Amino acid sequence: MHTLGQLARTWALAVAALLVGLGAAPAQDKGPIRIGFLPPITGPLASPGAEMVNGFRMFWEQNNMSAGGRKIEIVTGDTTCNPDQALTQARRLVLQEKVHFMVGPLCGHEGPAVSQVSKETGVPLVMDAAGADNVTKWERVPTVVRTAVSSSQIGHPFGEYLYKELGLRNVTFIGQDYTFGHEVTLGAIETFKALGGKVARLIWNPIGTKDYGTTIATIPADTDGVAVTIVGADRIRLFEDWFNFGMDKKHKIYGTYWLQEDMLPQVDDRAVGLIANSLHYASGIDTPENKAFVDAYAAKHKRIPSWFAESAYTAGLWVKTAIDSINGNVEDRDAFLKAMRTVQIKAPRGPLKLDAYDNPIQNVYVAKVEKTKHPALGDVLITRPVKTYEAVSQFWTWKPEEFLAKGPYKR
Amino acid sequence: MLAPPGASFALFLRSFMSGVILQAINGISLAALLFLLASGFTLTFGLMRVVNMAYGAYYLLGGYIGYSVARRTGSFELAILCGGLTIVVLGFFVDRFLIRPIGHNHLAQVLLTVGVAFVIGEVCLAIWGGDNLRVAIPPWLRGGMELPGGLFYPKYRLALIVLGTSTAILLWLLYHKTHIGAVVRAGVDDREMVNATGINVDRLFALVSALASFLAGLAGVVGGAFLTLNPGAEWDILVLALVVVIVGGLGSLEGAILGSIIVGLLDAYGRWLLPEFSYFVLFGPMAVLLLFRATGIFGKEQ
Amino acid sequence: MTARVLLLVAALAIAAALPSLVGEFWVTLLTQIMIFGLLALSADLLLGHAGLFSLCHAAFFAVAAYTTAILQVRHGVSTALAAPAGILAGTILSFVFAFAVRTRGVYFILITLAFGYIIWGVAYRWASFTGGDNGVTNVPFPAIGGLRVAGPTQYYYVVLVAVVLIALAYRVLITSPFGLTLRGIKSSESRMRSLGYDVGSHLYVAFVLSGLIASIAGVLYVYYNRFINPVAASFPVSLEAVLMAIVGGTGTILGPFLGSGIILVLRNWVSGFFHYYTAVLGIVFIVTVLFAPQGIMGLVARWRAGNRGEGA
């Protein structure tokens, strides 16, 4: 039975030890670099959010949590894929946690919200994942740079792919009815029509469409191919309904954005051979950088990474390269942004650098689903590039001024 | 290639008609799923005057459990059983220790059960993560089958219609043709009288509640096979079930049947003909109906 | 009575001094708490005083916010016109939705749920007008005549003043004969009817007034966030407004603000170190219902009654 006195003494000793311990920590010159990280940890996009977190952490762990001679501290704010939450969390990270710069967010419609915080406070934002075209075209903020992709950037090459590689002339387009879906689909349609292709039908589906039987039933009989841009749970639903309604016997289907690695474990071998995506990343990219990345990720997280993971990993790589080049002096925001805009990196997905409008120029890969044997995971489905469009800019083959004059892709 | 106008119109009419039939089947299959969830909700309200907003979460949890069981054992039937029974147990605890203490205060019930739903949702997120998971359909129900008229339709959804219909018939028979059903009906009409006749009303409630919970868990497994399970799914389905119950009338089994059919068909036809206005197509008629008949089609005046 | 006034004055003084005491993040969070507290107050006019549980207040909030945002951003209309226009738009909507008062109890809940969803659906789908899921961005800080709000701290004061004024007006309303009639209706509608009161009209007016307050909250919100998006019209926002009132204490003026504080601090601060803070929120609700059904204010009242030796 402890007396009060004994308890008090134990506590005092413990506190003293703690204080001594803290005092004994080596003094740092400038302290750690604090990165404000904004993934959706809970909410409807918790799964891509988890990949984003995993990818980012994996990079820093591989690099000893340091850059430019300083330690890296990651402070996370859960955006729940909600712009208001994203805004408040961004403000918390900037004002309360005093981060040096922010990385994220993931969801497209959170992009403008977090950009706004960057604009108000001058704290740089490295936009990883969120793809809204606006951010690097019409509504640019000087303190925001994007390291992932601009939505229509992946749509443009696919229109050409449909016409030239697949020889299609009368395509039905199915797109998810929100900004990302619009920009990808309309981007593909733009280049497809420019080559002379005809749109058999354009069908928009709200996010969370429960069954694709309806949509499938409206596909014109005389179409020679169906191109789909689908996100979230709808990807699996369309996949199931396509086969269950016997559509696979009638038409061919191609994913502009459809089958990514995060949901491949949920579909079966009927997916093998399907064109999965036209995207800036595919797990089957055959380079040493990507192999190393995929293997490390698979070993740690027991799954094949999707572009969300790679995007965050590469954001880490990009940021570290920039920080190293300015000797860790992230307090000089202009220098940091300039470094981000000038460094060129070799990411798992290929060579990257920013264009004059702060969006990466990068390869776009049209990829097919393939079944392969992974040393750590056994039989898995991955996406393997079948055609690579190199150094694609967000403006495709247009001049920036021309493209901007056309205005955003709107439904 | 020109075709005479009559031919293209006939073609259009043919495809339109097959569209109408296809949507009708889609709507009825959704109605079947909604009925499984809504019937429990409406009966617990009718008998026990309990508004339980955690039904969506019951659906989700039951579904996730069914998913895991199906993955481990490969048995869809076992998945349904486990999913349903888990919710029976959970529902029992929630009823006994959380809902019962607060009596008939609808406001408090809503707040409490929303809280329960939040907790269940987060637990599911912690255990199963954020991926869209699909319960594996048993092999004999995979793929489609040819219906008369040349329509190719997924077997699973047809099976769902069969399940929903048989459940509806079973419940109806139980409710209207058995002794227990008569007691329950009496309880819905007048609890005090039933109590006064010496029948153990509490035990009755527990039974009805257990059945409702089982149906919710079952609905989760069955729905999880074609709608997929993910964070937020519990609210999507709950909203639809609520509409069913409002339109059909709280406390009425016939209302749940009719309401499910109406909502299922509205959803299917709405998405087909007016996809931009899908929510309006669903909620508009409901709002209008309520303004004219505040208790729904079969509801009773309070 | 004087003790109460002194307490209020002291509270106001603290509120006015806060920006210089706490960091900018807390200033913005407090502003947010006040705005959502106002929304909760508007829902509580119906819940705590008329006994009607409304789930559509986010609709008025959002319609007001969108109107003001679109006028300022796309048509360059000044704050002096855009703000009142927003308030008017939201209030007009509440005139239409007020038909819901023809129903009671759980049916009222469900019909307002439906209304709320309809507006959310419009905000989301009518993308050419509302901007769809991207919403409307870059709303400027308010500026009337030569006066311009320069930053979050100044805006905090704007919101503080607005909230205090509305709270005072609210107090006058609920202690007036109209307010007392509402409470009468809440406790026994049949009695009020037999006494000759026009229950329908009273509830209708109450609904419109609560829509007015929600609209004001919406306009305050759009200048706080400087960005509006369909999420503002969604069901969780309406639900939370009511839950804030319940947790803080329905039927009081301070209650909705306390509830707003608890929920927003939980979400924005706890989320920083605990991922599953929604579960914490759920537990707060459960605990509130089981142990403090009158909310925080109810606990305070019981404690004071206990101290004074009065019966609870």
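We just call them A, B and C in the order they show up, numbering each chain from 1.
FYI, a residue touches a chain if its C-beta (ideal position, glycine included) is under 8 Å from a C-beta of that chain, and two chains touch if they have at least 3 such contacts.
Since we're looking at a predicted model, the values are computed, not measured.
Remark: among chain pairs A-C and B-C, B-C carries the greater number of C-beta contacts. The greatest centre-to-centre distance from chain C, using averaged C-alpha positions, is reached by A. Note on chain placement: the centre of chain A and the centre of chain C lie 36 Å apart, centres being C-alpha means. Remark: chain B and chain C have CA centroids separated by 33 Å (rounded to whole angstrom). In chain C, the residues touching two or more other chains are 125, 276, 278. Residue positions of chain B touching 2 or more other chains, listed in rising order: 122, 125, 278. In chain A, 42, 177, 206 are the positions where the chain touches two or more neighbouring chains simultaneously. Listed in rising order, the residues of chain C touching chain B in the complex are 47, 53, 99-100, 102-107, 109-111, 113-115, 117-118, 120-122, 125, 235, 239, 243, 246, 276, 278-279, 281-286, 288-290, 293. Remark: chain B residues 18-19, 22-23, 26, 30, 122, 125, 129-134, 142-144, 152-157, 226-228, 230-233, 236, 267-268, 271-272, 275, 278 touch chain A in the complex.
Partner chain C is touched in their complex by these residues of chain A: 41-42, 75-78, 82-85, 87-89, 91-92, 94-97, 108-109, 112-113, 116, 132, 134, 139, 177-179, 206, 410-411.
Residue ranges on chain C touching chain A, taken from their complex, read 23-26, 28-29, 32, 125, 127-128, 132-135, 137-138, 225-227, 229, 231-232, 267-269, 271-272, 275-276, 278. Across the interface of their complex, chain C is touched by residues 45, 51, 98, 101-102, 105-108, 110-112, 114-119, 121-123, 125-126, 235, 239, 242-243, 246, 250, 276-280, 283-284, 286-287, 290-291, 294-296, 302 of chain B.
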